[in-house]
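Chain nomenclature is as follows: A, B, C and D, assigned in order of appearance, with residue numbering initiated at 1 for each chain independently.
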Amino acid sequence: MSDEPRGASSDPEADPTHPEAYVLNMGPQHPSMHGVLRLKLHMIGEEIVVAEPVIGYAHRAHEKMAENRNYLMFLPNSSRIDYLSGMIYNIGYCQAVEKLLEIEVPERAQYIRVIACELNRIASHLLWIGTYVLDIGGVTPFLYCWDDREQILDLLDAITGSRLTYSYGRFGGVTMDVDDAFLTGTRTFLERMKSRLPEYDTLVRKNVIFIERSRGVGIMDRQTCRAYGVTGPCLRAAGVAYDVRKSEPYGIYDRFDFAVPTESAGDCLARYDVRIREIEESLKIVTQAVRDLPAGPIMPDKPKKKFKPAEGASYFAVEAARGAFGMYLVSDGSEVPFKLKLRTPSFSNLSSMPKVLAGTMVADTIAIVGSLDIVLPEIDR
Amino acid sequence: METPTRTGRLGRFFTGFGSLFHGLAVTSRHFGRTIFLRKNVTQQYPHEKPTLPKAYRSAIRLIRFPETDSHDCVGCKACERICPSACIAVDGGKVEGIKKKRASHFEMDFALCSLCGLCLDVCPTTTLEYSRLYDEAGYNRNWKHDLLAEFRAREPAFIAEQRQREQAEAEAKAQKAPKKEKPPKEGDAP
Amino acid sequence: MSTPPLTSTDAAPAAPVDLADLTPLAASSTTTDPKRTGFHHHHVALAPSLPELARVFTSAGYFLEMLTCEDRRLITPALPKMRLVQTWNRFDGPADRHLVTCELDPGQVAPSITAVAPAADWYEREVFDMYGVRFAGHPDLRRILLPDDSDFHALLKDFGQMDRGSEEGT
Amino acid sequence: MSPPETLVDKLDSPWLGVVLGVAAVLGMLTVNVLFLVWLERKVSAWIQRRMGPTEVGPFGLFQTLADMLKLLSKQLITPRHVDKPLYHLAPLVVFVPVVAAASLFPFSAGLVLQDLDIGLVLVFAFGGLAFVGIFMAGWGSNNKYALLGAMRSVAQNISYEIPLILASLSVVLMSGTMNLAKITALQSERGYWFIVLQPVAAVIYFIAALAETNRAPFDIPEAESELVAGFHTEYSGMRFALFFFAEYSNVFIVSMVATVLFLGGWSGPLLPGPVWFFLKVYALVGLTMWVRWTFPRLRFDQLMSFCWVVLTPLAILNLLITAFVARLV
């Protein structure tokens, strides 16, 4: 073990060829590495000198697939990009194509989409809270979070028939209408979640060990975020109120009253706080959407059968649970996309890791990487 | 950021120490709820069967319509074309004696299916639906479902009945047609 | 892994540049309808000016949202081109997305903008991985998603076309 | 009060005594560890609103027995590149001191295998010996995770042994003996438990004991979220079972020490001695479980600084005050 005091070699430019440096391979098979990320850590003692994320283990060639099938056939892929908030990606892809083809979406479908997406966002954040606390050693909050998440999955299951990869959206609407049982269930869940948040607060947020493990750990400031294109809760934890739902409202998000929570510290604790508050905001949105849900059809009266957008490039961004998800779609006028670039938030978020991880302790590695809320299939696509 | 609520390190120390007991209180509450109120969230799966939601998605199957006691697949291959996973193989066409086209082969490889439901959307005769299978498991990748299997035995009888139906329809039409030709639209719907 | 210092802070840009019109740097700048395309501005750039353009955007407080490539060689076989695509956006205020495109000849090396926008590091690696476009000045241009020993660039149009492509008319 | 006759003394042959004694202690430990693991799984399940093991035996009681049989029957895998002597020896070196330490406890008046005047010292000494085995395992495995885990484990355990022993010394100062049976007898004689006079020492002891046994929130050596499984990453089958056994036995042993030192050992009204003894031990074990399933894990540097900055000075202070007061009285 190195005798150097902690932080002595916190220079990201530090020499990995130092005689005491060794390489620790974390992942892709590691019990608590998130997905199949591999971190090649050059370390001295327990301190990381250079961290090098190695990705691509879950590359499924979504972008290549998109170029080989028509717009509709890519739909099931969309909820598999990020399987933890598949609804947002699925609906997002539908909205991108609808924009290209200028398809009108009925009001009721719009509201259902918002309800489904925001429930999915809550589920995704709940999962993050659970896994993050698990990363720093707390097992029980993890199961409480999963229990709450289970309620959401059951709700979504009731309307989509799936629990993870929903394929719920269609160009112009959604596949299934919501019934009263779903709405009642959603209201019950909203009440339940509101009573659960104080419990998380007591069990997790106020716990001194949790605070000590999270405060000042993995700081990503505004500059770092901007340099690496970090978006989502990680960016908002650094004090930037950037949210696609506000900066370029898509769907009907401009009709809802919600705030963009921010924190200033940019550390793991701030990221936790932002996500908890985002859950509260999402609860607010769902409450409003359930209240205002109009009656009517869920698909256009005469749905299009052929999807052939005009030639040209377009970009459509949605706020996914992990940040700004963008689709750069190029059409050559045929039924098949010429190019679909998926700008996934975790990709950019993870690319900041070499900078953030340098100089930290190996014990914090999992906590920091975990606090980003990365989903590897989303990064690898 | 944490705001220092009490002055000094000692105060923080005790606040921190106290927070541990609050946490213990939360877990003990759940502990008590579970053992005394018997409120646990476990579903004892093989002993208890899950309740499947109405929208539950599983392997597709052909709907058995009560009027005909058979499916209505005409083998148009729309589902085969739209399937992103290329897991559907359909064949069919003209059958001797009836006007309606019939599927002669409908095979779905469930191992490849991604349950997206696009085939249900495009089916012109809406004869596809999700089955309620939830405990599929096996030892190899060969997971072909023959969707026509349950209909095959009845197929000759169906064709015979269909012939009668079509004849009856044609007769009804023939009777109607010469009488009055005013509403041109009604004649379309059988 | 080098992390170059940022050229500016998030404070107001030192010299206000009209981002809507970057014509000395870009070959052309047009304003597009964001309602339809999602872009507010479109700049067509020449390869050598890419780092300078990136500098203009970072100085103005913009971040690199996405960097990718299009294989347009088969669209115009007479004049085969690869097209580099960048989008820049800002955190504050309503979205203001700038699309920067740059036509490259096949085999042409583009200048890396990693030194200006570290976010480009992985994106350029991905473009190299998927399209085989090389970037001069990139600190660590390796494959990122595909295996290191693969001998193809997966998103090139002449690689691995599936036979179930367009099924129009069938 | 005459020193109670020990079990070994009652037998004619000393060798037979040793064999029977080891068998008895092993049996006692095995039964308790099996029960403990079951209890841990049940308690964690109840805390997490689950059910825990239910299938094997009534309330899943035989689940751990089945698990043990499974581990026993598993193939022993020795990875290449390990340091074979160290690798093979390590589980035994960890396992044996635990059994030795467990043989020193008085379960009731007269129910003690080895009644030694230095009982307390021996228990801690045996406890200290186990870390040699842990380091052997970490080093011999030739695996970075195992080595890091072993280094952490040794550093942590050596550090936390200090407040642990200092806290126990406070009790020794009051009782004037290190004989475990006598400490117990003294408490039942005086009619109060030492936790009443030594609450601070008891808390320090409890915290240090958690660290000593690598229990959450101090389970850093085998923090699975960073070090896979710590020093026993490369062990499987029965060798892993030995580590596992030693770990749970350790939990049991530190709880027994705490029972003797602070909770009056076997003393208690109505119920017979052993029942009281095990009731108290299991109460403490339950407490460690409750703590484990509530808190996240400290970071290694926080753990060390907590030991050296908070726990050790507090233990020394407590010891000084105890010595001062004991001198006065």
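Basically, contacts are C-beta pairs under 8 Å (C-beta built on N, C-alpha and C of every residue); 3 or more make two chains touch, one makes a residue touch a chain.
Just so it is clear, the model here is predicted, and its values are computed rather than measured.
Taking A-B and A-C together, the chain pair joined by more C-beta contacts is A-C. The most central chain, judged by C-alpha centres against the centre of all protein C-alpha atoms, is A. The mean-CA centres of subunit A and subunit B are about 28 angstrom from one another, to the nearest whole unit.
Each chain gets a centre from the mean of its Cα atoms; for subunit A and subunit C, those two points are 24 Å apart.
Mean C-alpha position of subunit B lies 42 Å from that of subunit C.
With each centre defined as the average position of its C-alpha atoms, the distance from subunit B to subunit D rounds to 55 Å. Those residues of subunit D in touch with two or more other chains are numbered 47-50, 293-295. Counting partners per residue, subunit B has 20, 23, 26-27, 30, 41 as the residues that reach two or more other chains. In subunit A, the residues that reach two or more other chains under the touch definition are 69, 140, 144, 147, 203, 207, 209. Across the complex, subunit C meets subunit A through its residues 1-3, 6, 9-10, 34, 36-39, 58, 61, 63-66, 68, 70-71, 75, 85, 87, 91-95, 97, 99, 117-119, 121-122, 130, 143-147, 154-155, 157, 160-162, 164-168.
The touching residues of subunit D, counted against subunit B in their complex, run 43, 45-51, 54, 290-291, 293-295, 310. Partner subunit A is touched in their complex by these residues of subunit B: 1-2, 15-17, 19-20, 22-23, 25-27, 30, 41, 53-57, 82-85, 114-118, 121, 130. Subunit A makes touch with subunit D in their complex at residues 1, 6, 22, 24, 30-32, 46, 133-140, 143-144, 147, 203-204, 207, 209-210, 212-213, 361-366.
The part of subunit A that touches subunit B in the complex is made up of residues 69, 72-77, 80, 140, 144, 147, 150, 154, 157-162, 165, 167, 170, 175-176, 199, 202-203, 206-209, 211, 215, 263-265, 269-270.
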